[in-house]
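In the two complexes below, chain A is the common chain; its partner is chain B in one and chain C in the other.
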Partner chain A sequence: MSTKVVMEALSPTMEEGRLVEWKKQEGEAVAVGDVLAEVETDKAVMELVARAGGTLLKQVVQAGTTVPVSELVAVIGEPGEKVEGPAGPPADREAPGKKAAARTQPAESQATQPTPDRNRPTSMPPASPAGPAADTNGQPAPASRPPPPAAPSGGRVKASPLARRMAAERGIDIATLPGSGPEGRVVARDVEESRPTAAKAGPAAPATAVRVPAGQPYQDVPLSQIRKTIARRLAQSIGPIPTFYLTTEVDMERAREAREGLLAAGGEKVSFNDIILKAVALALRRHPECNAWWQDDHIRYWNEVHVSMAVAIDEGLITPVIRHTDLKSLREISAESRDLAGRARERKLAPEEYTGGTFSVSNLGMLDIDEFTAVINPPEAGILAVGRMAERPVAHEGAVAIRRRMRLTMSCDHRVIDGATGARFLQTLKGMLENPLAMVY
Partner chain B sequence: MAIVTYRDALNQALREEMQRDADVFLMGEEVGVYQGAYKVSRGLLDEFGPMRVVDTPITELGFAGVGVGAAMAGLRPVIEFMTWNFALLAIDQLVNSAAKMRYMSGGQVGVPAVFRGPGGSALQLASQHSQAFESYYAHIPGLKVVMPATPADAKGLLKSAIRDDDPIVFIEGEMLYNTKGEVPEGEHVVPLGLADVKRSGGDVTIVCHSKTVSLALKAADELAGEGIEAEVVDLRTVRPLDSETILSSVARTHRCVVAEEGWPFAGIGAQVVDTVQREVFDELDAPVFRVTGADVPMPYNKHLERAAKVDAGKIVAAVNQVLYRERDE
Partner chain C sequence: MSPLRIEDLGCRPYAEVLELQRELRRRRIEGELDEDVLLLVEHPPVITLGRGTRTSSLPISPAELRRHGVEVFEVERGGDVTFHGPGQLVGYPILDLRGHRQDLHWYLRSLEDVLIGALGHFRIEADRNPGLTGVWTAGRKIASIGIHVKQWVTLHGFALNVTTDLDRFDLIVPCGIRQVVMTSVAAELLRADSEGLMAEVRERVAGSFCDVFGYSVIAGSGTA
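Entry: the complex of A and B
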C-alpha cells in the first residue's frame, strides 16, 4: 500500500511551501525520518521528513514548485508498486495552482502528521524521526487510524463555527491547529488547548543544560476591575496595544571595564548586547510585573524569563528566543545569541526557536541610532530599544567629563505595565549596567 | 406541595375550569359513565351532569366538528380523543375548520376549543396505536400544540389551554398518566409558549418535550456521573416554539441535542435545529444531533419496539457525539 506525502505546515503560519530541492530521487529507498526534500516556508528553509518507509515511487512536484499545505508532493511505497495517483501528464500537476491530485484522492494513509502547533513546539518537533504511521521496520503501518490532517485537501480548514470565532478572537490562525474532531475538524477544545502559547517550550538549540527550577512556569492572574478599565480606556485612546515609552541614559564606562576585564582574563569575547541581554533578564527576574503576556481576559505573569532578541535578516526581522536567559551565564548567552542570530540570517530557525519569548530586546546601536522606540511583539508586554553607545560630554563628579553613554527606551503595554512599574524596571536595569556587580548581588 | 399523578393533575385542571366557567364542557368517547379511558374525567359526570360531560359515539370526525361548532357559538369545549391515533379521522375538523376559522372569518369568529388525549407509544400497542403526531398539528398555522411532561405542567397548561381563545391541540403522554410529581396548591396556571429548564448545566443543551423529558433527565443523571453537565430544556409548548429559551441555552453550552418520540423526517427536532443553526451558528461547536423514534412503523415485537424507541442511552450517545467524547471513532 502506498503512502502519500503531503506538504506539511512546517511553521505556525505557513500556508504554502516552496519545494527547494529533492533530497531523495524516485526509486531511492527511504526510511522513516529521512529527509525527502528541503522546503522554504514563510520563515525558514526546513526539512520535509518521511513519515513512512519504502521506496520513493514518485515525486509529484518538481523542485522550485510552490505547493499549498496538505497538497500531495510525493508517494512512498513498495518497489514496483503502481502509483495510485493522479493520471495525466506530469506537467498538469506541476503547476502550483493545480490541486486536483490531492483533492480527488482521499489518502488511504496520511503520511503527514498534524501541523506543528506553535503553542506546543516541543511536543511536535517538525523533524521528528518517527512518523505516526510507520512501524520499526520502516514499513507503513496499517492506517487503522490516520492522524487528523492539518488542513484538508484543497486548503479548506474544517472547523466548528465556535472554534473559528474563538480562534479569531484570540488571533490564532485556525489552519495551524490540529483538529481532534471527526475528519480533523478543529473544535473548541483544540483552540482552548492551544492557549498556553509556547509555555511548554524547552530550551532551544545550543543544548546548554540549564537548571530550570521546578514549579509553575507562569502564573495567570485574572484582571482586576481597575486593570480592565485601564485596558479598555487606553486601547480606545491609542490603538489595540496602548503603548507608552520610557527613556533613560546609561553610563556604560563600568560595563566596558567589566567587558575588557573578562577579555583580559582570557575569556571569550562577549558583546555589549550580551551584557544587556543578561542584565535585562536579571532585571525582569526582579520585576516580574514586566515579564508578562497580555491574554485578553487575564495577564500571564511568567516565572521563567525568555528574552527575544530582534535580528535583522534580508527579508525583514525575526526574534529568536534565548530560553531561561536569567539562568544562563554571560558566556552561554553570548554563544547562544551568536548561534541564533547566525541561523536566523540563514533562515534555519525552527519555529520553537522564535516563539515563546516573554520580553524583547532590539538593538540598533550598531547602525548609529542614538535612540528609538520599538514596536511591542504581542503578547509580550514590553520591548527594550537599545541605542548606540557614544562618547558624550556629561556632568560627572562635579566636572564635565567625556563618558560612554547609551540610551535605552522601553515600550510598555499599558494594559500590563504602568508608568512607575516600567520606570522601576528600567532603574534596576540601569543600575546593573552602571555597576555590573549589581547583577550578581 | 401535594404529590399528585399526571392524570389527577389533569382532572384537577378540568374540574377547576368547569367550576370557574360554566361555558366549559367535556365531550368524547367514554368520558362520562366510564370516567375516561384513562380516568382523567373521574368524578366529573357526578359533579357537572350529562349536559357538561357528554359521552359520544365512536365518531371522531363528528364530535370534533360538534366541538368546533360549539366553540364558534361561544362555548369552550374540551374534546377528548381516546388517543391521538384515533384522531386522524378528525384531522379535517382541526386543520380545515378549527385552525382556519379566525382567519377566514376576518377575525370575527374564533374557536376556543381544546382537543386533548394521549399521544405517542405505550407498550406493545403496535404500529397503528403507537404514534407521535405532534409535528402534524404543529405544521398548521392557527393551531397551538401543547405537550406537558410533568403533573404540575399538565395542570397549569391545561388551564391555560382552556382559557385560550384559539384552538389547542393538547397531547398527553399515555405512559405519563401514572407518574407523580409536586403540583402547587390552589390556582396554578402555566402560560403557553414558554419552555422550562428542567435541569441546568453548562456542557450541552438537550431539547425535549413530553415523554422524552424524563428520558433526558435520566440521561443527564448518567452524564453527570461522568462530569458532563447537561441542560434539559422542556419545550412544554411545541408551537409556538420558545426559541428564546433554547437559543440562550445553546449560546451558553455550544452543543445541542434534540430528542423527540416521533419520526425523524420533518419532526419537531428538525424545526428546532433550523432555528438553532440559523440564530446561533457562531456559538455551535458541533452539528446539532437529533434523537428520534426509528423511521419505521412501530414494531409489535417487544425487542424490536425497544430498539425503535428513544431511550436515555440513545440521548447519552448523541451527547457524546456533540461533545466529541469518542475521540477514537
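Entry: the complex of A and C
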C-alpha cells in the first residue's frame, strides 16, 4: 500500500509551491514526521513533512519544479513496492525498489485529496519500462508537462539548490564535486572552485521573427596569461570592474538629414536613439571584442548582438533588450524600442525581455546632459552613454560653423576591452553616425 | 497569546546570530522555550543567498566578495540574494505560528505590516508591491523579507534599511541598470544623524511588531 505525497497548501492563498530541495532520496527510509523536502511559496520556505512511514519510492517532480497545490510530488510505500509511473521517470533513472518492469498498482491511501489532474492518468496499463508510456497504451502522450530532464548521475548527491543550479549552468556534473558543507554537502563554493567542463548558459531565445544564422551564438575564450594579469591588477586598482571611459564627439548633421529624409519619404518616425542603437549594433558586429561578457575564468565573445537600452522608470532604471539588433531594420528597431520602453514604464516586461543583453546603451540627451559616464551592467563589458545633441560652434572645413554635435562616452571593462580596442569601436561608431551610408556599406 | 521577548543584540556577526536563531527555534519547537522571541540586530557586511537565489543575482563571485571582506552564506530562507550591513535593522522573529495563524502568506504580509506601520511614524508612506514581497516606498525597496518555517516555528525575517550604505547593494544588484532601486529611512528623510535614527527606528519597529501580532506586553529584554 502506498501513500501519495502532495504539494500542501501552506496558506489559504497559496496556489502553487516550488519544490526547492529533496531531503530524502528515492529508496531512503522515511518515518512519520520526517522532512521529505523543502517548499518555497512567496519568500517563505517550509518543510514538507511525511505523513506516512515507509520508503520514499518515488520523487515525482525534480527539485526546482513549481507544483500546484494538491498535485502529487512523491510516493511513499513498502520497500520494493511498485509505483505507477505518472509523469514517468526517464528510462535511465532507476532507483532502488523499482528495478523490475513497472506494474500498475494504484495507490490506495492518501493523506490529502488531490485535484483532478489532466496530466496524470490515475491508472496505467502495463508499459514497457524503457519506452515512452504513451506508445504502448495508444493514447497521446501527456502534453502539458514535459518529462523532467534526465537526472544527472549525481541524483543522490547532497547539494544545495544553488550549487545544483550553478553546476547545471556551468555544465558540471555535481556528482564529481567534493562537498565541503555539512555531511559532505556540495555548496555553491564547491561549484565555484571547480573547473567548468562546458558552458551552457545563454540569453533567452529571441521572440522575434528575425532570421538568425545557424551556429553557436558565442565563443568562449580561455584567459591568456596577459589577460589574467591585466584582469587581476586592474581589478585591484579600481574595484571589481576596472572601468575606463572613452569619449568622442560626433557630428550629427548627416544623421539628421538622413532621418529627415526618411520622414519626408513617408516613413514612420525614427528617433535619433533608434539610429544610435542600429549603429552600435553594426559597430559591435565589426568589433566583436567589445560584444562580450566577463565570466570570471573566461571571456564570452558573443556571435549575436543583443543591445540593452536603459529606460528610466518610476522605480529607477531597467534595460530591455532588443535581440539581434544588428539583424533588424531601423524601422523594426524603432517599433521594438518604443514598445519595450512603453511596457517597461508600465512594469510589464517579462524577465527574459530585460536580461541577456551583450552591450548597453544609455541616453540622457533628452534630459539636457552633455555627456556622462554610465555604469557597466555586468557581465557585459561595455556601455555607451549618449549625451544630448546640441548646436555647437566647431571648426568645419576651415571655418567656424554651427553644427549639431553629440558626445558619446563608452565605459569599458578593462578586463575585456583595452583602450585601443574600445577606441576602434568608437571610431567605427562615429564613422557610421557621421556618414549613415557606412551602415549599409 | 504567548508573551514576546525582544532581544536587542546590537551589532553581531551573521554566523553567530544564525546559530542563535537556530538554537532558539530548536528550543521553541521542543517546548524548552515557551515564549516567542524577536531578535533585533545589525550585521557587519554580509551577503546571504536564499533558496530562491538565481546565479544571475550574484554577478560577483562569492570568492571575489570574500576577498573584499564580504562574507557569503547560503541559508534556508526563501527568496533571492540579499545584503546585510551596518545601518540596517535586521529582525529575526522566532514565532510559533500555531499561536497565531498557520498561514505563511499571512505571516509574510504581517511582517510587511509591521514595517509599514513603523515607517508611518516617520511619515514615510510605505506599501507592498504585489508579487514582490518586501516593503516599498514610491517604487523603491526599503525592506526585504525572507523566512523559513519548521513545524510552524519561524526563522529568519526582515531587514530594514535605516542608514545602510546603499552602494553596498551594488555588490549584488548592479547599479546603473537594474529593476530594483534600494532606499533607506535616512535616504527618504534626507537625514544623516545615523546614531539617533537607528534607535528610534528600532523602537518603532518593536512597537509595531507588538501591535500587528497582538502582543500586549513586551517581556523584559535580557541578553541572549
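Just so it is clear, the second predicted complex is superposed on the first by the 235 of 441 C-alpha atoms of A that agree within 3 Å, B and C clash if a C-alpha of one lies under 4 Å from a C-alpha of the other, contacts with A are read in each partner's own complex, and residues count from 1 in each chain.
Keep in mind that, in the parts below, contacts are C-beta pairs under 8 Å (C-beta built on N, C-alpha and C of every residue); 3 or more make two chains touch, one makes a residue touch a chain.
Bear in mind that the values here come from a model prediction, so they are computed numbers and not experimental data.
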item: Which partner reaches more residues of chain A (counting touched residues only), chain B or chain C; value: C
item: A:160 touches, of chain B and chain C: first, second, both or neither?; value: both
item: Touching partner for A:340 - first (chain B), second (chain C), both, neither; value: neither
item: Chain B versus chain C as contact partner of A:308, first or second or both or neither; value: second
item: Chain B versus chain C as contact partner of A:188, first or second or both or neither; value: both
item: Partner chain(s) touched by A:175 [first = chain B, second = chain C, both, neither]; value: neither
item: Which of chain B and chain C A:38 touches, first, second, both or neither; value: second
item: Overlap of chain C and chain B interfaces on chain A (superposed complexes); value: 160-163, 165, 187-189
item: Of chain A, residues touching chain B in the complex; value: 145, 160-165, 180-182, 187-189
item: Residue ranges of chain C touching chain A (in the complex, touch as defined); value: 49-56, 59-64, 68, 72, 74, 76-79, 103-108, 133-134, 138-140, 145-151, 174-181
item: Residues of chain A defined as touching chain C within the complex; value: 10-14, 18, 20-21, 35, 38, 40-47, 49, 160-163, 165-166, 169, 187-189, 192-193, 201, 240, 296, 308, 310, 313-319, 354-355, 360, 362, 374-379, 383
item: In the complex, chain B residues that touch chain A; value: 254, 281-286, 324, 327-329
